[in-house]
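Below are two complexes that have subunit A in common, paired first with subunit B and then with subunit C.
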Partner chain A sequence: MEQIPAIMRKNLVLIITLAVMLVLFVAAASGMSWQDFVITLLRGLAVGALTFLVASGFSLIFGLLDVLNLAHGTLFMVGAYIGWTVYVRPDTFVDILTPLALIISGFTLGDVWRLLAQRVPQSGLWRRVLPWVAIVPGVLIGFGVMRGYPVASWSLENYAESPVTFSFLASQGQRVIPAPATFGDGSPLIAFGGLILASMLIAFGLTLLRQSDIHTAAHVSWRHVVPFAGLIAGGLVVFTVNEPLTAWLFALDTNWLFLIAVLAAVLSGMGLGALMESTLIRPLYVRPIYQLMLTLGLSAIGIEIVRAIWGRPEFTMPKPALFAGSGEGCPAESLWLALQNSCSTMLFQGGRIRIYNEIFIPLVGLIVLIAVWLLLRRTRLGMIIRAGVQDREMVEALGINVRRVFTMVFALGVGLAALGGVLAAPSIGLSNTMGESFLLNALIALAIGGLTSYPGAAIGSLLVGMLQQFIIKYGQIGIAIPLTGIVFKPSPPLVPASTILLMVIILLILPNGLLGRKE
Partner chain B sequence: MTQILELHDIHTFIGQYHILQGVSFTVPVGSITALLGRNGAGKTTTLKTIMGLTPPRIGDIRFEGRRINGMRPFEIASLGIGFVPEHRAIFRDLTVEENLKIAERKKGDYVRKQEMIFSLFPDLKRLINLRGANLSGGQQQMLAIARALVADNRLLLIDEPSEGLAPVVIEGLIGAIRHLAADSTVVLVEQNFLVASQLAEYYVIIEEGRSVQSGRMQELVNDKAAIHRYLGAA
Partner chain C sequence: MTTSGSSFVQRYRIALLTLLALVLLPFVIGLFEGASPFEVWSNQSGMSRFIQGLAIEIFILALYALSYDLIFGFTGLLSFGHSMFFAVGAYLTGIALKSFGLNLWQTFGILMLAALAQALLFGIVLPRVKGITFALVTLGLSSVFHIVVMSRELGDYTGADVGLQGVIIPDFISPATERLRLYFVTLTILVVFYLIYRRFVDSPLGRVCKAIRENEGRAQMLGYNTFLFKLAALILSSLTAAIAGALHTIYQPIVSPDIAGLGFTVTALLMILIGGVGTLHGALAGAAIFRLLDFGLRRYLGESASFVNGAIYVLIVLFLPYGIVGTWQLKASLSIAHMRQGWQRLLEMVGVNVERRASRE
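And now, the complex of A and B:
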């Protein structure tokens, strides 16, 4: 028990800061009705939860890899768009699965490529040209095949077939299965063969490019063929059951479909993260500035790609049935009744609480908070991450393949961002720029909480979300400044400014953030 | 006697600096070999080069006859080499137990070695749930060595174990390292010549990035001229 005063003395500044913030918070809240207070609190929690999903991934990546991933906001947005596609256009999703599985298949043969690469002369012109001799035809073949590959899609020119229209139809419960795309004059077999070949060529080429990996011992056994064959077989199975699978997804209860959309978005995010780390970021670990430029550039490219595929106009993602009802018994009197009647809102002392935005999102945020905390504290991977944040070299010197852990953490971080994106989509809608504000929020949250501290990310996100929502609320009802009788209404531009101000104040008092470790 | 570790004409660069300019020596199986030399001579870099943390640009390193330069550090470690770095590199955020568990290379390593480790360092058992950051220097050093014992390592590279420790603590450490050497080979970097001469059977002197003299410790102890010339101390 003697430890407690010692801990208090050590963190005196932190405790005083938190106490002052609590006093200010109570003072701010006392000017509000109970109803406004609770609803604003819940909204703050919601923004905080989404911010946390971006911030926690960002901070995990920064802590272990020292990479400031400025593309994190874009990946958040990509998660939303992928989730939307699965949710609103399951036919497109099913059509994409087969080529996706085939393109990934070649990459599962990593050890085979390494073994082959070891046979190639290690120097000379041939050595430098060969990777590209593999990659360029691979990419060309891949694109050539995909051009003729039938993927049901929307149209950016024709409004009646645009994502906006499909979103609208889906929100009206009209789920018409669009006409399936078919192979024109091409043969599916040539397409499959082409994709597998392209995948193998690209995978081999990339292995050749990664000089340092080649010398790593490679063991090839029949086991390596299992994922390769499994992916191809899986892809072909999906292809043969394409139509019934599509019909089943269209008929599926939207709650389940939403769950599938979330899973698809998270898995794609993880895949994108792993791909990004292992191909683009890895060669730049020794050059941090280039890395920063790279992630910034990727962020811009990502936005343009999303514009090219899904278009510029904003559209919404319908909420799943559980949170979308407005029929009998809605808005409900209690949370329990709301869930029973699938109401979109519930009444709270005359105010309305939106179940999805203000109950569901904070709940998911809390679950993720606990899940990642358990991962960090209770698993071997978490132990390695915590150790690696401090000293990567030592972790490697213990016989742990840190590079593989890097890839996993990057994938995890991007997966969390994608989860944030797909969760945000039904609440704030989809736009090309939705990621930017959350990235900014997350950066501020991390500066407040401490850059590499996981609890710090949570507290920082919460503060940012709360502050924004309370300022917005006071913009509506006005805040009475004590002793003056003046009622001050913060204008909307003060919302982002307020969080930056908070950040500046906290950094002046605690240069490493609330829970950051001293450098 | 067979050699467990052979270095042949190692050249290591850090950035543009040519740190090791020809280090060659061999380490007999089951021995304790001390790397001696002045500050900045390249002893620590030699250990890091063996581990692959600062890979050599030129030269050949063999562990149990197998060429290991060019391998990544985790692969080198996995062959059976334990590393106890300078300043111990204890993971501050991890508890003592986690610091040991993280060194497992096979599941159950920690459970199997527990008894041996705690008989060697009884203090650690008491501290098992303490965070690394809360240990004293001596406790951290014991933990760092214990961590290298969790996996089955046939070679231990120990950098400056006595640095910054009280004489009483050093004495215990010497006993522990001597005990370890019964099961595995030890390569030791040690500034404190007294400690090194008590522990090691063989020595290698590194001077300005080159290995300049090596042999039996017994002979060096009597060679006052060499001690004075290379180590600056009597």
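And now, the complex of A and C:
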């Protein structure tokens, strides 16, 4: 009992701030009807959950690697676009699987390349030229084959075949299978051989380029060939069953297809993250500030690639069937009935709640929060991550391969961002700029919650989401300022301003954020 | 006396040559088009005018990059709100000239006061927050300014999201009729500020700033009140950026709200990262490369320019580890033997056997 005054004295500023905010909040909320209040709260939860998916990855990466990954918003967007592709155009997805597997295959033979590289004379002209002799033809062959490789796709010039049209058709339930792309005059076998060869050449060349890799002992046994053979076999199997698989995916229930889309987006996000960390970010740990420039450059490149592939116009991603119904019994009276009739909305005290946006997304956010929390608290990897956030050098000194953990954390962070993207797509649509606003939101959320604190990321995201939605709501109904009779209506630019102001206030009072570690 | 004079020339020969080249640039470009220097002087050569315009933009960006380099590269304060320093200068100049009809000198006076005020505003938060938190707080402050500028309530003055338009520039410095004069005015201001910065950086004041960048705790231990030094750097930086903003308004006559956003701070960061953080030459070179790259790519590639731009940034980061000037300085300071080794390696790569050639000689 005697501790309470001491705690109060220590955190006086914090308590006063919270109290003032609470009073302001209650004053504002009292002007709002109960129904509006609950719906706005749920919307805030949804935005907060999406922000959290971006922010949590960002905070894990920043905490362990000290990298401010400014490309995180772009990766969020890439996740959304990949999810859309799998969901709306499964044929493209199936077509792309085979070449992807073949291109990756060569890189699984790392030890074989290392063994070969050790046989190459370690000095002289040959040693310098050989990597490029391998890489350049490899890249050329790869590009040459991919140019002729048939991948069913959309066209950005022709409106009838643009992503916008396919989205519209899919949302109307008209899932017509587009004409499959076929090999023209070239033989598929030549294309497969070319891709495998290109992949092997590039992998070998890259091994040669990395001096440090060569000198580690390499040991080759038949086990190393298994993933290689598995990837090639998998790729070929997908190719042979291409048409039935495509037809099956098109006929599949959209709920399952959505699940596949989410998985594909998360996996490709993790792959991209691992690739980014191991090739581009790793050389920059010694020059931290240049990481900002690198990630900014990557962000610009990512946006341009998305524009080149999916085009500039905005389009939507249809919701899965479970959340899209509007027929009999909709809008439903209760959540249970809504799920039974697969309604898109349910009634709540006279107001409408969209199930996908306001129930499903916060739920997924909560599941991710708990899952990552369990990963951090209850597993060995999580222990290493937490230790690494506290003192990276000590972890290294204990003989843990921190590099591998770095790559895993980066992959995990980007995977979370991609998950956020694909979940956001059905609710806010896809556009080239969707990443930027979420990146800024996530930054603010992290600053509020404490930059490297995982629960802080959750609290910050929640605050940001709530505040934005409440300000938007007040923009519609106006705030009656007590004792004056003036109704104040916040204008749209005040939405970002409100969260930024909150951040500035909290940072000035608590420089480390709400839950940040004291320095 | 003569020896010291020649050593001065020798020591600064690159800087002096660059200056000479910049002074002659408009006339040389005029000659390409067949315009005599006299025609250039009376602003009649179209091509020369165009190049002058591009150069003026580079000078303005260079001033802006210098001001960012001072607080980030030399003092180690990562600010994400630097565009506010520039935008305050640009908007104030525009509003003072347009809405209040002040002359240039009065505008300049107001500008200095405003620059001082905003440096002090940043100074208020300075002791409370450090590192990345300072960056986020400054981002917040500048975002609030951006939103104020964009708001409808002040639309009469700032032009809201359309931007400030229709500023009437006094005739004697107007970019339309007296562009060559503006060119030399901008160049002079840039040179003067460069010299001030050089002096600042080499002075005891600047050295303490560098010490703060390297290790603030140690600087405090030595008895320096680091807050005052950081504030001094902020004030100088704010004044410079405000003048750059004023020149921007004079040259463009339009002020777009984009220059108050985070994107424009990132521009400053990119410029000094390209050139080399913590080198004054780097800021200048970075500004020139940034603007020319942007201009050239947009002209020849159109839409996909930002893709190539991004790719070039990534390549610079990977292959020029400390920016262009920084990497060059690092290389130049290594011993000559090292350089010779590099040459040998290069020659070996193209297949020349150096030892055999040496024995033949």
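One rule holds for everything that comes next: the second predicted complex is superposed on the first by the 480 of 519 C-alpha atoms of A that agree within 3 Å, B and C clash if a C-alpha of one lies under 4 Å from a C-alpha of the other, contacts with A are read in each partner's own complex, and residues count from 1 in each chain.
To be clear about the criterion, a contact is a pair of C-beta atoms (placed from the backbone, for glycine too) under 8 Å apart; a residue touches a chain by one contact, two chains touch by 3 or more.
Because the structure is a prediction, the values reported are computed rather than measured.
Novice: Based on the superposed arrangement, let me know which partner A:L398 touches: subunit B (first), subunit C (second), both, or neither?
Specialist: In the superposed model, A:L398 contacts subunit B only, not subunit C.
Novice: With both structures placed on chain A, which of the two partners, subunit B or subunit C, ends up touching more residues of subunit A?
Specialist: Comparing touch counts on subunit A for subunit B and subunit C gives C.
Novice: Just to be sure I read the superposition right, which of the two partners does A:Y290 touch: subunit B = first, subunit C = second, or both, or neither?
Specialist: second
Novice: Examine A:E304 and indicate which partner it touches, taking first as subunit B and second as subunit C; both and neither are also allowed.
Specialist: The second partner, subunit C, only.
Novice: Contacts for A:L507 in the overlay, against subunit B (first) and subunit C (second): which applies, first, second, both or neither?
Specialist: second
Novice: Between subunit B and subunit C, whom does A:Q390 touch in the aligned arrangement: first, second, both, or neither?
Specialist: first
Novice: Both subunit B and subunit C contact which residues of subunit A?
Specialist: The answer is that subunit A has no such residue.
Novice: Under the touch definition given earlier, write down the residues of subunit A that touch subunit C in their complex.
Specialist: Touch residues, subunit A against subunit C: 68, 124-125, 128-129, 280, 283-284, 287, 289-290, 292-294, 296-301, 303-305, 308, 440, 443-444, 447, 451, 491, 493-494, 496-497, 500-501, 503-504, 507-508, 511-513.
Novice: Please give the residue numbers of subunit B that touch subunit A in the complex, ascending.
Specialist: 51, 53, 70-75, 77-78, 83, 85, 89, 91-94, 98, 101-103, 105, 147, 151
Novice: Flag every residue of subunit C that touches subunit A in the complex, lowest number first.
Specialist: Contacts found on subunit C: 78, 125, 128-130, 132-133, 136-137, 139-141, 143-144, 147, 150-152, 262, 266, 269-270, 273, 277, 304, 306-307, 309-314, 316-318, 321-322, 348-349, 351.
Novice: Which stretch or stretches of subunit A touch subunit B in the complex?
Specialist: It comes out as residues 212, 215-217, 380, 383-384, 386-387, 389-391, 393-403.
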